[in-house]
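Take this structure first; my questions come after.
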Amino acid sequence: MWQLDAPTLITVLTIIVSVAGIVLGSIAPSIVEGIATKTALEAMARQPEAAGDIRTTLLIAMALLESGSIYVLLIVLILVFANPLLELFVF
Amino acid sequence: MWQLDAPTLITVLTIIVSVAGIVLGSIAPSIVEGIATKTALEAMARQPEAAGDIRTTLLIAMALLESGSIYVLLIVLILVFANPLLELFVF
Amino acid sequence: MWQLDAPTLITVLTIIVSVAGIVLGSIAPSIVEGIATKTALEAMARQPEAAGDIRTTLLIAMALLESGSIYVLLIVLILVFANPLLELFVF
Amino acid sequence: MWQLDAPTLITVLTIIVSVAGIVLGSIAPSIVEGIATKTALEAMARQPEAAGDIRTTLLIAMALLESGSIYVLLIVLILVFANPLLELFVF
Amino acid sequence: MWQLDAPTLITVLTIIVSVAGIVLGSIAPSIVEGIATKTALEAMARQPEAAGDIRTTLLIAMALLESGSIYVLLIVLILVFANPLLELFVF
(Lines give C-alpha, C1' and ligand atoms only; values in the text may rest on other atoms or scores of the structure.)
Protein backbone atom coordinates (compact mmCIF):
# COMPACT_ATOMS: atom_id res chain seq x y z
CA MET A 1 0.00 0.00 0.00
CA TRP A 2 1.45 3.30 -1.00
CA GLN A 3 0.25 5.93 1.36
CA LEU A 4 2.07 9.20 1.53
CA ASP A 5 0.81 11.75 4.02
CA ALA A 6 1.62 15.43 3.94
CA PRO A 7 4.69 15.63 6.24
CA THR A 8 6.36 12.72 4.50
CA LEU A 9 5.71 14.17 1.11
CA ILE A 10 7.12 17.52 2.15
CA THR A 11 10.24 15.98 3.68
CA VAL A 12 10.88 13.81 0.66
CA LEU A 13 10.38 16.71 -1.67
CA THR A 14 12.64 19.01 0.30
CA ILE A 15 15.48 16.49 0.31
CA ILE A 16 15.32 15.99 -3.44
CA VAL A 17 14.82 19.62 -4.33
CA SER A 18 17.48 21.04 -2.03
CA VAL A 19 20.26 18.75 -3.26
CA ALA A 20 19.23 19.10 -6.89
CA GLY A 21 19.04 22.86 -6.44
CA ILE A 22 22.45 23.34 -4.89
CA VAL A 23 24.07 21.02 -7.44
CA LEU A 24 22.52 22.71 -10.45
CA GLY A 25 22.83 26.16 -8.93
CA SER A 26 26.58 25.97 -8.51
CA ILE A 27 27.42 24.66 -11.98
CA ALA A 28 27.05 27.91 -13.88
CA PRO A 29 28.96 30.07 -11.34
CA SER A 30 31.77 27.50 -11.23
CA ILE A 31 32.16 27.52 -14.99
CA VAL A 32 32.22 31.29 -15.40
CA GLU A 33 34.60 31.65 -12.48
CA GLY A 34 36.85 29.09 -14.12
CA ILE A 35 36.79 31.01 -17.38
CA ALA A 36 37.56 34.25 -15.55
CA THR A 37 40.51 32.65 -13.75
CA LYS A 38 41.82 31.17 -16.97
CA THR A 39 41.68 34.53 -18.72
CA ALA A 40 43.35 36.31 -15.82
CA LEU A 41 46.22 33.84 -15.78
CA GLU A 42 46.70 34.16 -19.53
CA ALA A 43 46.65 37.94 -19.22
CA MET A 44 49.35 37.77 -16.55
CA ALA A 45 51.53 35.67 -18.81
CA ARG A 46 51.19 38.26 -21.55
CA GLN A 47 51.65 41.34 -19.32
CA PRO A 48 53.53 40.29 -16.18
CA GLU A 49 53.94 43.93 -15.09
CA ALA A 50 50.11 44.24 -14.79
CA ALA A 51 49.78 41.23 -12.50
CA GLY A 52 48.65 43.28 -9.49
CA ASP A 53 45.85 45.01 -11.37
CA ILE A 54 44.71 41.78 -12.96
CA ARG A 55 44.57 39.95 -9.65
CA THR A 56 42.58 42.68 -7.90
CA THR A 57 40.05 42.77 -10.73
CA LEU A 58 39.77 38.99 -10.76
CA LEU A 59 39.05 38.80 -7.04
CA ILE A 60 36.33 41.47 -7.10
CA ALA A 61 34.73 39.81 -10.11
CA MET A 62 34.81 36.36 -8.51
CA ALA A 63 33.23 37.67 -5.31
CA LEU A 64 30.36 38.94 -7.43
CA LEU A 65 30.15 35.73 -9.45
CA GLU A 66 30.11 33.75 -6.23
CA SER A 67 26.86 35.48 -5.25
CA GLY A 68 25.00 33.27 -7.72
CA SER A 69 25.86 30.17 -5.71
CA ILE A 70 25.19 31.92 -2.41
CA TYR A 71 21.63 32.85 -3.36
CA VAL A 72 20.87 29.20 -4.11
CA LEU A 73 22.49 28.15 -0.85
CA LEU A 74 20.40 30.72 1.03
CA ILE A 75 17.10 29.51 -0.43
CA VAL A 76 17.97 25.88 0.23
CA LEU A 77 18.91 26.59 3.83
CA ILE A 78 15.64 28.48 4.37
CA LEU A 79 13.63 25.61 2.96
CA VAL A 80 15.42 23.06 5.11
CA PHE A 81 15.57 24.94 8.39
CA ALA A 82 12.75 27.46 8.44
CA ASN A 83 10.16 26.73 5.84
CA PRO A 84 7.31 29.09 6.80
CA LEU A 85 4.85 27.15 4.69
CA LEU A 86 5.04 24.27 7.14
CA GLU A 87 3.03 26.27 9.65
CA LEU A 88 0.05 25.73 7.40
CA PHE A 89 -0.20 22.26 8.83
CA VAL A 90 -1.61 21.74 12.26
CA PHE A 91 0.76 19.21 13.64
CA MET B 1 3.59 -6.72 -0.66
CA TRP B 2 5.73 -3.67 -1.10
CA GLN B 3 5.20 -1.51 1.90
CA LEU B 4 7.47 1.40 2.44
CA ASP B 5 6.79 3.43 5.53
CA ALA B 6 7.92 7.00 6.00
CA PRO B 7 11.26 6.50 7.83
CA THR B 8 12.41 3.88 5.34
CA LEU B 9 11.44 6.02 2.41
CA ILE B 10 13.30 9.00 3.81
CA THR B 11 16.40 6.97 4.65
CA VAL B 12 16.50 5.37 1.23
CA LEU B 13 15.97 8.70 -0.44
CA THR B 14 18.65 10.43 1.60
CA ILE B 15 21.23 7.75 0.76
CA ILE B 16 20.60 8.00 -2.95
CA VAL B 17 20.31 11.76 -3.07
CA SER B 18 23.34 12.53 -0.93
CA VAL B 19 25.73 10.34 -2.91
CA ALA B 20 24.32 11.46 -6.24
CA GLY B 21 24.51 15.07 -5.12
CA ILE B 22 28.09 15.02 -3.93
CA VAL B 23 29.21 13.15 -7.04
CA LEU B 24 27.47 15.50 -9.44
CA GLY B 25 28.26 18.56 -7.37
CA SER B 26 32.00 18.03 -7.47
CA ILE B 27 32.28 17.47 -11.21
CA ALA B 28 31.96 21.08 -12.36
CA PRO B 29 34.36 22.54 -9.74
CA SER B 30 36.90 19.80 -10.48
CA ILE B 31 36.87 20.53 -14.18
CA VAL B 32 37.22 24.29 -13.86
CA GLU B 33 39.94 23.90 -11.25
CA GLY B 34 41.75 21.58 -13.63
CA ILE B 35 41.47 24.13 -16.42
CA ALA B 36 42.74 26.87 -14.13
CA THR B 37 45.72 24.74 -13.08
CA LYS B 38 46.50 23.90 -16.69
CA THR B 39 46.42 27.57 -17.66
CA ALA B 40 48.60 28.56 -14.74
CA LEU B 41 51.22 25.98 -15.62
CA GLU B 42 51.26 27.06 -19.24
CA ALA B 43 51.53 30.69 -18.16
CA MET B 44 54.52 29.81 -15.98
CA ALA B 45 56.22 28.13 -18.92
CA ARG B 46 55.72 31.27 -20.98
CA GLN B 47 56.68 33.78 -18.27
CA PRO B 48 58.85 32.02 -15.68
CA GLU B 49 59.63 35.35 -14.00
CA ALA B 50 55.91 35.82 -13.15
CA ALA B 51 55.63 32.42 -11.47
CA GLY B 52 55.06 33.90 -8.02
CA ASP B 53 52.18 36.14 -9.10
CA ILE B 54 50.60 33.37 -11.11
CA ARG B 55 50.76 30.88 -8.28
CA THR B 56 49.25 33.31 -5.75
CA THR B 57 46.39 34.14 -8.11
CA LEU B 58 45.79 30.47 -8.88
CA LEU B 59 45.53 29.53 -5.23
CA ILE B 60 43.10 32.32 -4.32
CA ALA B 61 40.97 31.49 -7.35
CA MET B 62 40.94 27.76 -6.54
CA ALA B 63 39.86 28.47 -2.98
CA LEU B 64 36.87 30.35 -4.39
CA LEU B 65 36.18 27.64 -6.98
CA GLU B 66 36.30 25.06 -4.22
CA SER B 67 33.33 26.79 -2.57
CA GLY B 68 31.03 25.20 -5.17
CA SER B 69 31.85 21.73 -3.87
CA ILE B 70 31.72 22.87 -0.29
CA TYR B 71 28.16 24.21 -0.57
CA VAL B 72 27.01 20.84 -1.89
CA LEU B 73 28.89 19.06 0.88
CA LEU B 74 27.26 21.36 3.44
CA ILE B 75 23.73 20.64 2.24
CA VAL B 76 24.39 16.90 2.10
CA LEU B 77 25.82 16.83 5.61
CA ILE B 78 22.84 18.81 6.93
CA LEU B 79 20.41 16.40 5.31
CA VAL B 80 22.23 13.35 6.64
CA PHE B 81 23.02 14.51 10.15
CA ALA B 82 20.56 17.20 11.12
CA ASN B 83 17.54 17.21 8.92
CA PRO B 84 15.15 19.39 10.93
CA LEU B 85 12.15 18.21 8.93
CA LEU B 86 12.46 14.80 10.54
CA GLU B 87 11.09 16.28 13.73
CA LEU B 88 7.77 16.53 11.96
CA PHE B 89 7.34 12.83 12.56
CA VAL B 90 6.31 11.57 15.92
CA PHE B 91 8.59 8.64 16.31
CA MET C 1 7.59 -14.29 -2.78
CA TRP C 2 9.75 -11.24 -2.99
CA GLN C 3 9.68 -9.58 0.35
CA LEU C 4 12.20 -6.94 1.10
CA ASP C 5 12.06 -5.50 4.56
CA ALA C 6 13.54 -2.17 5.53
CA PRO C 7 17.02 -3.21 6.80
CA THR C 8 17.65 -5.38 3.75
CA LEU C 9 16.55 -2.67 1.41
CA ILE C 10 18.78 -0.13 3.07
CA THR C 11 21.79 -2.48 3.14
CA VAL C 12 21.38 -3.40 -0.50
CA LEU C 13 20.96 0.19 -1.47
CA THR C 14 23.96 1.36 0.51
CA ILE C 15 26.20 -1.25 -1.11
CA ILE C 16 25.20 -0.29 -4.62
CA VAL C 17 25.20 3.44 -4.03
CA SER C 18 28.50 3.61 -2.18
CA VAL C 19 30.48 1.71 -4.80
CA ALA C 20 28.81 3.52 -7.68
CA GLY C 21 29.39 6.83 -5.95
CA ILE C 22 33.07 6.35 -5.25
CA VAL C 23 33.68 5.04 -8.77
CA LEU C 24 31.88 7.91 -10.48
CA GLY C 25 33.13 10.47 -7.99
CA SER C 26 36.78 9.76 -8.67
CA ILE C 27 36.59 9.92 -12.45
CA ALA C 28 36.43 13.70 -12.87
CA PRO C 29 39.21 14.48 -10.35
CA SER C 30 41.43 11.77 -11.89
CA ILE C 31 41.03 13.19 -15.35
CA VAL C 32 41.74 16.80 -14.41
CA GLU C 33 44.70 15.75 -12.28
CA GLY C 34 46.03 13.84 -15.26
CA ILE C 35 45.64 16.89 -17.47
CA ALA C 36 47.39 19.05 -14.88
CA THR C 37 50.28 16.59 -14.65
CA LYS C 38 50.57 16.43 -18.42
CA THR C 39 50.68 20.21 -18.68
CA ALA C 40 53.25 20.47 -15.91
CA LEU C 41 55.55 17.97 -17.59
CA GLU C 42 55.26 19.76 -20.92
CA ALA C 43 55.92 23.08 -19.22
CA MET C 44 59.06 21.64 -17.63
CA ALA C 45 60.27 20.47 -21.03
CA ARG C 46 59.81 23.99 -22.37
CA GLN C 47 61.26 25.87 -19.39
CA PRO C 48 63.56 23.50 -17.48
CA GLU C 49 64.82 26.37 -15.31
CA ALA C 50 61.28 26.88 -13.92
CA ALA C 51 60.91 23.24 -12.89
CA GLY C 52 60.87 24.03 -9.16
CA ASP C 53 58.08 26.60 -9.44
CA ILE C 54 56.06 24.37 -11.72
CA ARG C 55 56.34 21.36 -9.44
CA THR C 56 55.35 23.33 -6.33
CA THR C 57 52.31 24.76 -8.11
CA LEU C 58 51.31 21.36 -9.46
CA LEU C 59 51.42 19.73 -6.05
CA ILE C 60 49.36 22.42 -4.31
CA ALA C 61 46.82 22.36 -7.13
CA MET C 62 46.56 18.57 -7.07
CA ALA C 63 45.97 18.60 -3.32
CA LEU C 64 42.99 20.91 -3.96
CA LEU C 65 41.79 18.80 -6.89
CA GLU C 66 41.99 15.73 -4.71
CA SER C 67 39.39 17.28 -2.41
CA GLY C 68 36.68 16.40 -4.93
CA SER C 69 37.34 12.69 -4.43
CA ILE C 70 37.72 13.12 -0.70
CA TYR C 71 34.28 14.71 -0.29
CA VAL C 72 32.72 11.72 -2.05
CA LEU C 73 34.75 9.33 0.09
CA LEU C 74 33.62 11.18 3.21
CA ILE C 75 29.93 10.93 2.36
CA VAL C 76 30.25 7.25 1.45
CA LEU C 77 32.06 6.42 4.68
CA ILE C 78 29.43 8.29 6.70
CA LEU C 79 26.64 6.38 4.99
CA VAL C 80 28.33 3.02 5.51
CA PHE C 81 29.60 3.45 9.03
CA ALA C 82 27.50 6.04 10.78
CA ASN C 83 24.26 6.66 9.01
CA PRO C 84 22.32 8.58 11.67
CA LEU C 85 19.03 8.00 9.89
CA LEU C 86 19.19 4.34 10.82
CA GLU C 87 18.33 5.29 14.36
CA LEU C 88 14.89 6.09 13.10
CA PHE C 89 14.20 2.39 13.05
CA VAL C 90 13.44 0.58 16.21
CA PHE C 91 15.50 -2.51 15.78
CA MET D 1 10.60 -21.46 -6.70
CA TRP D 2 12.95 -18.54 -6.62
CA GLN D 3 13.37 -17.55 -3.06
CA LEU D 4 16.10 -15.18 -2.20
CA ASP D 5 16.46 -14.37 1.45
CA ALA D 6 18.27 -11.35 2.76
CA PRO D 7 21.79 -12.79 3.41
CA THR D 8 21.92 -14.42 -0.01
CA LEU D 9 20.78 -11.28 -1.71
CA ILE D 10 23.38 -9.21 0.07
CA THR D 11 26.19 -11.71 -0.63
CA VAL D 12 25.31 -11.95 -4.29
CA LEU D 13 25.08 -8.20 -4.57
CA THR D 14 28.36 -7.59 -2.80
CA ILE D 15 30.21 -9.99 -5.11
CA ILE D 16 28.89 -8.36 -8.25
CA VAL D 17 29.26 -4.81 -7.04
CA SER D 18 32.75 -5.17 -5.60
CA VAL D 19 34.26 -6.66 -8.76
CA ALA D 20 32.41 -4.26 -11.04
CA GLY D 21 33.45 -1.36 -8.84
CA ILE D 22 37.14 -2.18 -8.72
CA VAL D 23 37.23 -2.84 -12.46
CA LEU D 24 35.48 0.40 -13.39
CA GLY D 25 37.21 2.38 -10.67
CA SER D 26 40.69 1.63 -11.93
CA ILE D 27 40.07 2.52 -15.56
CA ALA D 28 40.18 6.31 -15.28
CA PRO D 29 43.29 6.42 -13.03
CA SER D 30 45.09 3.94 -15.31
CA ILE D 31 44.42 6.00 -18.39
CA VAL D 32 45.51 9.31 -16.90
CA GLU D 33 48.60 7.71 -15.40
CA GLY D 34 49.42 6.34 -18.83
CA ILE D 35 49.03 9.77 -20.38
CA ALA D 36 51.24 11.29 -17.69
CA THR D 37 53.94 8.66 -18.29
CA LYS D 38 53.78 9.21 -22.03
CA THR D 39 54.16 12.95 -21.60
CA ALA D 40 57.06 12.52 -19.19
CA LEU D 41 58.92 10.28 -21.59
CA GLU D 42 58.40 12.69 -24.45
CA ALA D 43 59.52 15.58 -22.25
CA MET D 44 62.70 13.68 -21.37
CA ALA D 45 63.43 13.14 -25.03
CA ARG D 46 63.09 16.87 -25.65
CA GLN D 47 65.02 18.05 -22.57
CA PRO D 48 67.32 15.22 -21.44
CA GLU D 49 69.03 17.52 -18.95
CA ALA D 50 65.75 17.97 -17.06
CA ALA D 51 65.19 14.24 -16.70
CA GLY D 52 65.64 14.29 -12.92
CA ASP D 53 63.07 17.01 -12.35
CA ILE D 54 60.62 15.38 -14.73
CA ARG D 55 60.92 11.98 -13.12
CA THR D 56 60.45 13.33 -9.59
CA THR D 57 57.36 15.28 -10.65
CA LEU D 58 55.93 12.27 -12.49
CA LEU D 59 56.30 9.99 -9.50
CA ILE D 60 54.70 12.40 -7.01
CA ALA D 61 51.84 13.06 -9.43
CA MET D 62 51.27 9.36 -10.05
CA ALA D 63 51.13 8.67 -6.33
CA LEU D 64 48.32 11.25 -6.12
CA LEU D 65 46.60 9.82 -9.20
CA GLU D 66 46.80 6.38 -7.67
CA SER D 67 44.63 7.61 -4.81
CA GLY D 68 41.57 7.41 -7.07
CA SER D 69 41.95 3.64 -7.33
CA ILE D 70 42.81 3.31 -3.68
CA TYR D 71 39.58 5.00 -2.55
CA VAL D 72 37.59 2.49 -4.60
CA LEU D 73 39.65 -0.37 -3.20
CA LEU D 74 39.04 0.93 0.33
CA ILE D 75 35.27 1.05 -0.09
CA VAL D 76 35.19 -2.41 -1.67
CA LEU D 77 37.29 -3.94 1.11
CA ILE D 78 35.07 -2.33 3.76
CA LEU D 79 31.96 -3.72 2.09
CA VAL D 80 33.42 -7.20 1.78
CA PHE D 81 35.12 -7.52 5.14
CA ALA D 82 33.44 -5.19 7.56
CA ASN D 83 30.06 -4.08 6.36
CA PRO D 84 28.59 -2.61 9.56
CA LEU D 85 25.10 -2.65 8.11
CA LEU D 86 25.08 -6.43 8.35
CA GLU D 87 24.69 -6.10 12.09
CA LEU D 88 21.19 -4.87 11.41
CA PHE D 89 20.19 -8.46 10.79
CA VAL D 90 19.65 -10.80 13.62
CA PHE D 91 21.43 -13.86 12.38
CA MET E 1 11.98 -27.61 -11.63
CA TRP E 2 14.79 -25.13 -11.44
CA GLN E 3 15.74 -24.87 -7.87
CA LEU E 4 18.84 -22.94 -7.05
CA ASP E 5 19.78 -22.86 -3.43
CA ALA E 6 21.93 -20.15 -1.98
CA PRO E 7 25.41 -21.82 -1.96
CA THR E 8 25.07 -22.94 -5.57
CA LEU E 9 23.97 -19.50 -6.66
CA ILE E 10 26.89 -17.87 -4.92
CA THR E 11 29.43 -20.32 -6.32
CA VAL E 12 28.15 -19.93 -9.85
CA LEU E 13 28.13 -16.19 -9.52
CA THR E 14 31.63 -16.02 -8.08
CA ILE E 15 33.05 -18.06 -10.96
CA ILE E 16 31.47 -15.85 -13.59
CA VAL E 17 32.24 -12.57 -11.89
CA SER E 18 35.84 -13.33 -11.00
CA VAL E 19 36.82 -14.31 -14.53
CA ALA E 20 34.93 -11.43 -16.10
CA GLY E 21 36.45 -9.05 -13.58
CA ILE E 22 40.05 -10.04 -14.10
CA VAL E 23 39.66 -9.99 -17.87
CA LEU E 24 38.04 -6.57 -17.99
CA GLY E 25 40.23 -5.21 -15.22
CA SER E 26 43.47 -5.84 -17.06
CA ILE E 27 42.46 -4.24 -20.34
CA ALA E 28 42.98 -0.59 -19.42
CA PRO E 29 46.34 -1.10 -17.63
CA SER E 30 47.59 -3.23 -20.53
CA ILE E 31 46.75 -0.59 -23.08
CA VAL E 32 48.35 2.30 -21.22
CA GLU E 33 51.44 0.24 -20.45
CA GLY E 34 51.73 -0.50 -24.15
CA ILE E 35 51.48 3.17 -24.98
CA ALA E 36 54.08 4.03 -22.36
CA THR E 37 56.50 1.43 -23.75
CA LYS E 38 55.97 2.67 -27.28
CA THR E 39 56.69 6.24 -26.25
CA ALA E 40 59.78 5.21 -24.32
CA LEU E 41 61.21 3.38 -27.32
CA GLU E 42 60.54 6.34 -29.58
CA ALA E 43 62.11 8.69 -27.05
CA MET E 44 65.21 6.50 -26.88
CA ALA E 45 65.49 6.56 -30.65
CA ARG E 46 65.42 10.35 -30.59
CA GLN E 47 67.79 10.83 -27.64
CA PRO E 48 69.99 7.73 -27.34
CA GLU E 49 72.15 9.42 -24.70
CA ALA E 50 69.12 9.64 -22.38
CA ALA E 51 68.31 5.94 -22.65
CA GLY E 52 69.20 5.22 -19.03
CA ASP E 53 66.93 7.91 -17.63
CA ILE E 54 64.10 6.90 -19.93
CA ARG E 55 64.36 3.25 -19.01
CA THR E 56 64.38 3.94 -15.27
CA THR E 57 61.35 6.22 -15.57
CA LEU E 58 59.48 3.71 -17.71
CA LEU E 59 60.03 0.87 -15.27
CA ILE E 60 58.89 2.84 -12.20
CA ALA E 61 55.85 4.12 -14.07
CA MET E 62 54.89 0.65 -15.27
CA ALA E 63 55.11 -0.70 -11.74
CA LEU E 64 52.56 1.93 -10.73
CA LEU E 65 50.38 1.24 -13.77
CA GLU E 66 50.44 -2.43 -12.94
CA SER E 67 48.74 -1.65 -9.62
CA GLY E 68 45.40 -1.24 -11.44
CA SER E 69 45.43 -4.91 -12.41
CA ILE E 70 46.71 -5.95 -9.01
CA TYR E 71 43.76 -4.37 -7.19
CA VAL E 72 41.35 -6.34 -9.36
CA LEU E 73 43.35 -9.50 -8.78
CA LEU E 74 43.26 -8.87 -5.03
CA ILE E 75 39.48 -8.48 -4.90
CA VAL E 76 38.94 -11.58 -7.05
CA LEU E 77 41.27 -13.68 -4.90
CA ILE E 78 39.51 -12.51 -1.74
CA LEU E 79 36.13 -13.42 -3.19
CA VAL E 80 37.31 -16.85 -4.32
CA PHE E 81 39.42 -17.88 -1.35
CA ALA E 82 38.17 -15.99 1.66
CA ASN E 83 34.77 -14.55 1.13
CA PRO E 84 33.79 -13.56 4.67
CA LEU E 85 30.17 -13.12 3.70
CA LEU E 86 29.86 -16.87 3.28
CA GLU E 87 29.93 -17.23 7.03
CA LEU E 88 26.47 -15.75 7.04
CA PHE E 89 25.18 -19.10 5.87
CA VAL E 90 24.88 -22.03 8.16
CA PHE E 91 26.26 -24.77 5.98
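Chains: A, B, C, D and E, in written order; residue numbering restarts at 1 for each.
Just so we're on the same page, a contact is a pair of C-beta atoms (placed from the backbone, for glycine too) under 8 Å apart; a residue touches a chain by one contact, two chains touch by 3 or more.
Being a predicted model, the structure only gives us computed values, none of them experimental.
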* Asked: For chain B and chain C, what is the smallest step count along a path of chains that touch one another?
  -> 1
* Asked: Fitting the CA atoms of chain A to chain E, what rotation angle results, rounded to the nearest 5 degrees?
  -> 55
* Asked: Which chain wins if you rank chains by how close their C-alpha centre is to the centre of all protein C-alpha atoms?
  -> C
* Measuring centre to centre with C-alpha atoms, which chain is farthest from chain E? -> A
* Interface composition of copies chain D and chain E: same or different, split at half -> different
* Asked: Per the centroid of Cα atoms for each chain, what is the distance between chain A and chain B, given in Å?
  -> 10
* **Centre distance in Å when chain A and chain C are each reduced to the mean of their C-alpha atoms** => 21
* So which bits of chain C are touching at least two other chains? -> 10, 14, 18, 20, 29, 31, 33, 35-36, 40, 42, 44, 54, 58, 62, 69, 72, 76, 86
* Chains that touch, pairwise -> A-B, B-C, C-D, D-E
* **In the complex, chain C residues that touch chain D** => 1-2, 5, 7-8, 10-12, 14-16, 18-20, 22-23, 26-27, 29-31, 33-38, 40-42, 44-45, 48, 51-52, 54-55, 58-59, 62-63, 66, 69, 72-73, 76-77, 80-81, 86, 91
* Structure fact -> In their shared complex, chain C is touched by residues of chain D numbered 3-4, 6, 9-10, 13-14, 17-18, 20-21, 24-25, 28-29, 31-33, 35-36, 39-40, 42-44, 46-47, 49-50, 53-54, 56-58, 60-62, 64-65, 67-69, 71-72, 74-76, 78-79, 83-86, 88-89
